[in-house]
Amino acid sequence: MTVRVGIIGAGAMGADHARRLHSAVSGATVTAVTDIDHDRAAALAEQVGAEVRADAGDLITADAVDAVIIASHDSVHADQVAACLAHRVPVLCEKPLAPTVADCARLVAAEEALDLPVPLISVGFMRRFHPPYAEIVEAIDSGVIGEPLLARCSHRNVIAYPGGDSAATITNSAIHEIDIVGWLLGSPITEVSWHATRSTSLDGSRQDPQVLLLRTASGVLTVVDVFVNARYGYDVRCEVVGETGTVNLAPAHSITVDHALTSTAAYPEDWLPLFAEAYRRELQAWIDAVAAGRPSPLATARDGLQATRVAAALVESMNGGGVPVKVQS
Amino acid sequence: MTVRVGIIGAGAMGADHARRLHSAVSGATVTAVTDIDHDRAAALAEQVGAEVRADAGDLITADAVDAVIIASHDSVHADQVAACLAHRVPVLCEKPLAPTVADCARLVAAEEALDLPVPLISVGFMRRFHPPYAEIVEAIDSGVIGEPLLARCSHRNVIAYPGGDSAATITNSAIHEIDIVGWLLGSPITEVSWHATRSTSLDGSRQDPQVLLLRTASGVLTVVDVFVNARYGYDVRCEVVGETGTVNLAPAHSITVDHALTSTAAYPEDWLPLFAEAYRRELQAWIDAVAAGRPSPLATARDGLQATRVAAALVESMNGGGVPVKVQS
Amino acid sequence: MTVRVGIIGAGAMGADHARRLHSAVSGATVTAVTDIDHDRAAALAEQVGAEVRADAGDLITADAVDAVIIASHDSVHADQVAACLAHRVPVLCEKPLAPTVADCARLVAAEEALDLPVPLISVGFMRRFHPPYAEIVEAIDSGVIGEPLLARCSHRNVIAYPGGDSAATITNSAIHEIDIVGWLLGSPITEVSWHATRSTSLDGSRQDPQVLLLRTASGVLTVVDVFVNARYGYDVRCEVVGETGTVNLAPAHSITVDHALTSTAAYPEDWLPLFAEAYRRELQAWIDAVAAGRPSPLATARDGLQATRVAAALVESMNGGGVPVKVQS
Amino acid sequence: MTVRVGIIGAGAMGADHARRLHSAVSGATVTAVTDIDHDRAAALAEQVGAEVRADAGDLITADAVDAVIIASHDSVHADQVAACLAHRVPVLCEKPLAPTVADCARLVAAEEALDLPVPLISVGFMRRFHPPYAEIVEAIDSGVIGEPLLARCSHRNVIAYPGGDSAATITNSAIHEIDIVGWLLGSPITEVSWHATRSTSLDGSRQDPQVLLLRTASGVLTVVDVFVNARYGYDVRCEVVGETGTVNLAPAHSITVDHALTSTAAYPEDWLPLFAEAYRRELQAWIDAVAAGRPSPLATARDGLQATRVAAALVESMNGGGVPVKVQS
């Protein structure tokens, strides 16, 4: 069976998913595309041999659509996911599932109310399919580092999207760290605090970098620094320290180029090259699950709710001057 | 169009290709499998939903086969490729195209005699699709290291296949280095010499390691060491030194695990994990070309002939006590 | 002029200094040794050709002693330094200058009361002479990373000294990070907070690891993790992140050894191999300054006081459940 | 006892030794300096508090000179070493002991004719004191890599001294590799061959780079590439491959600086920063041996003769078009 996918949102992320499904995933075909910008939808549709649909509702209910990817503006995720639930269509919603805890919780409740044997909602936390993170989990599970005690993560973007503020750093960028930390440590984050440092002069609209302390139910503290105007390169670091050892992501470059008294290794400008394989594996896993009628191995609606709850707690800590805040559960 | 692929040879390499086409390549389906061991063919066919064919000839001429992958014993490659030519079926033949220069040359001649607009033969030198090699070429092309002057490559297997001799090291293992060196440097290898060193006591059947000097038409000398019983790990190194800089493959591990007073990074046991992405890209590129009726970007029959000629010259140098030998052209 | 040095304390640190002065420093000779364990003093004295003195007072006032190194128990540092001041003898006191802020402040006041053109007290924060830290400062000063915004440091011992508690982790181990962070960033630490994480089961006597947040007058936040039972190796990490770049200590190993499917690099068991060159440079710089009658480039009494103040603030934060605490000034 | 050292040659190398003895070595003082350029000698003498001597003969026979360092032009090494022998003065002669095999052999014979219990001649192959090479030997001796089978070394200078030719590359630069390879492998080099590659356009006076094959008595082949105009940085690499593992020099940088989409590590412009510690240890070891009347642990006259013999064989191979040449013994 070839899974026929409809894509809502033909921006960078939606286009990337569409092209990847079309050219690098087995068992899928993109049959429908929609976007509030019709020309953008048409251009993408032509690239991948799909039809343009008038709007999200039209796409979700189309006969030729077995499954939907939502890569639209965050603010409409909740309604579009709800529409997929209403029509019993499997949906992969880009992160965040919804910007507010209330909306996420409604979607979780709506899905659970359907009481289906196979959940419909998957959330696009693609890092769970990044092979080096899987290797970290394998190393932890092997016992070689002993019980995890502490983690350190860094998230560095070259330059922030214009228009964001300090809260947007948390809900758009740090949210990836939030999801992956809970996933790596196998324990939900239950308490957080937010800490400022000297802020870059290159972005007047937000505190940047930020330091986040995340504590899991298992007691492990994770220190995350998020710097969305780091300039030097797109860079993601992660270390998990255990009782008898430590595991670290290795630098991600494939070659070194030495010249002019310098050995150099390139950083990518954004996350796409680093996570290209993660996106491919995520899509393939989702398509395979949809085709087989199995539960998807992607992040669930509950995972999406949990990430949004942690982000909300961090924003609350930020607004409260850095006090510890419990994550709602 | 979905390309229907028949696979000749259900051993490790053929099975690997079949599963990859089935589960990670867009636009392909495996429809037929054959093997001299019928049970092995049946097991693989079941995994990927294909039919078993009685023999190579039967598979090549099957209606449900648009393209063929040959992963059978080296000794039958030439006949099977010739059969594909006879039936005008695009074929991806695992390296070597054929073990002898004469057989390779016959296939080149046969293909050219067909005078088709799109060549039928591709050869499975998958390293050309290994992203780090592409980055080396990009670095060279950028001019940052200046004109290439010297290259150094290492090819290290954990343990040799039983039954091989010193010549097999060249024709089975070093042949990957032979192909990639000419490809990286953009110039054919025209002269070679072979050098012994102290040989491991762990393999009584061959000189191991070997040192190969390969000189391209452009005058660049490449020093290759091939050690097929290196034990410590599957390891491939490559450096190209130019007038103003040098480019090196970086270590390939994704994580480091530190414990017991040691920082460790894992080596794979064989080439499959290191080149998994290269194989996937190679297959996808081949399928895309077959589907579009375009010439494939894989190694050609002439490339396969050239690699076998260089290997033959190395064997001649080895038998001549290390004297320089010109590569036939 | 050869500087004649007397050494108080013939334990590991004192013996190390004595041997280094004897065998690897220009312009110095060890003439006197004392220790509460007379036999230990005698053994060391014989190794370096020195005399044994009855006690610290006797050593400090000896004719054949131009300068004194204090490597005795922390609890007697203050009295011994005071005795050096009383006899106008230049003294290099191992860290901490004294365990309490009050004692450190008294020594600073006593030295300042002498109103000498060249201060007498140096404190053994040898990391200031570790060449990689000097390279970090050079990189910051070059402007390549822009204004520093954030720092991250890790301090990992293999196994804690028996008998210590959570406060001892701060005053004995983290104190090196405390000193070097202020020195690297060129700004004093003015506020701190202390954070627990899941604690190792291998040391029942303390919280381990600990996470420390140190804020400098310049607004830079430094996140330090200190783990004195890290088991995997003696490891020190440091990163300074600026507006346009970041600088990191590189791994300290000199060779890699690959075997058994693993590439390995060794960690030392303790700090001595890592900081051997720092100790040598510190001693040479101190001897050169004493010989020339110049102020020593080592940490001063005020530096020692500041480090102890920061440590005290961290202990206060720890006892207060992690609240931010201002450093006394 | 303080060893009083006289230094012949106040150029870069002689001045470097003088300053190091003066400022970073225990138990030594520089008492005399001479140079064919009197002003240069005077300037150096003032820096280190020494006297200027009229010429080498005058210095060697001075009362205030216990030991001599020869850092003069290669062409006068032999006569000056002979004069030291004549006056029974311990001498550390910079490499090469002498440019010709005949001169080296004469010095070996002259020293042996003296039949002294402690040899007088040491040769300045400082790499034997470079700690990472010692770690390679330790790794080999530990058995972890098994019996050594193959070695690979690279020697890269930024820019060649003007005036040299292809033979000078061997006798001045490659000679360090020649000495260290025999030392690391614990077996003398007995056969060599020389190989050209495409030559840089940036130095019209010599073949550059060169590839050298060195075979030890134990059968191990070492592949050395020497590139004296590599431009990109001063770089020395070394790998020893054994039956069960391999050991490599790690990159030598202490920090990484990341900016402008690049992670960078600095190369030195010449060998002095890389081998500063090796020079210091070499000098300290020599001074300690002289002071104690013990044989020096430095390279001996025989080692100097052997290196010159291997270099001569390489020049012979070069002149013979790359044929293998036996090293005279």
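Order as written gives the chain letters A, B, C and D; numbering starts at 1 within each chain.
Following the convention adopted for this analysis, a residue touches a chain if its C-beta (ideal position, glycine included) is under 8 Å from a C-beta of that chain, and two chains touch if they have at least 3 such contacts.
Everything quoted here is computed from the prediction, not taken from an experiment.
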| item | value |
| --- | --- |
| Identity of the chain that, by mean CA position, is farthest from chain D | A |
| More contacts between chains, A-D or A-C | A-C |
| Separation of chain A from chain D, taking each centre as the mean of its C-alpha atoms, in whole Å | 56 |
| Where chain A and chain B are represented by their mean Cα positions, the distance between them in whole Å | 37 |
| Inter-centroid spacing, chain C versus chain A (mean Cα positions, whole Å) | 43 |
| Interface hub residues of chain A, defined as touching at least two other chains | 145, 231-232, 244-246, 251, 253, 258-260, 265 |
| Interface residues, chain C side, partner chain A - complex | 145-150, 152, 154, 156, 195-202, 209, 211, 213, 215, 218-221, 223, 225, 227, 229-232, 241, 243-246, 322, 324 |
| Chain C partner contacts - residues on chain D that touch it in the complex | 21-26, 28, 131-132, 135-136, 139, 144-145, 244-251, 253-260, 265, 277, 284, 288 |
| Chain B-touching residues of chain C, taken from the complex the two chains share | 158, 231-233, 235, 251, 253, 258-269 |
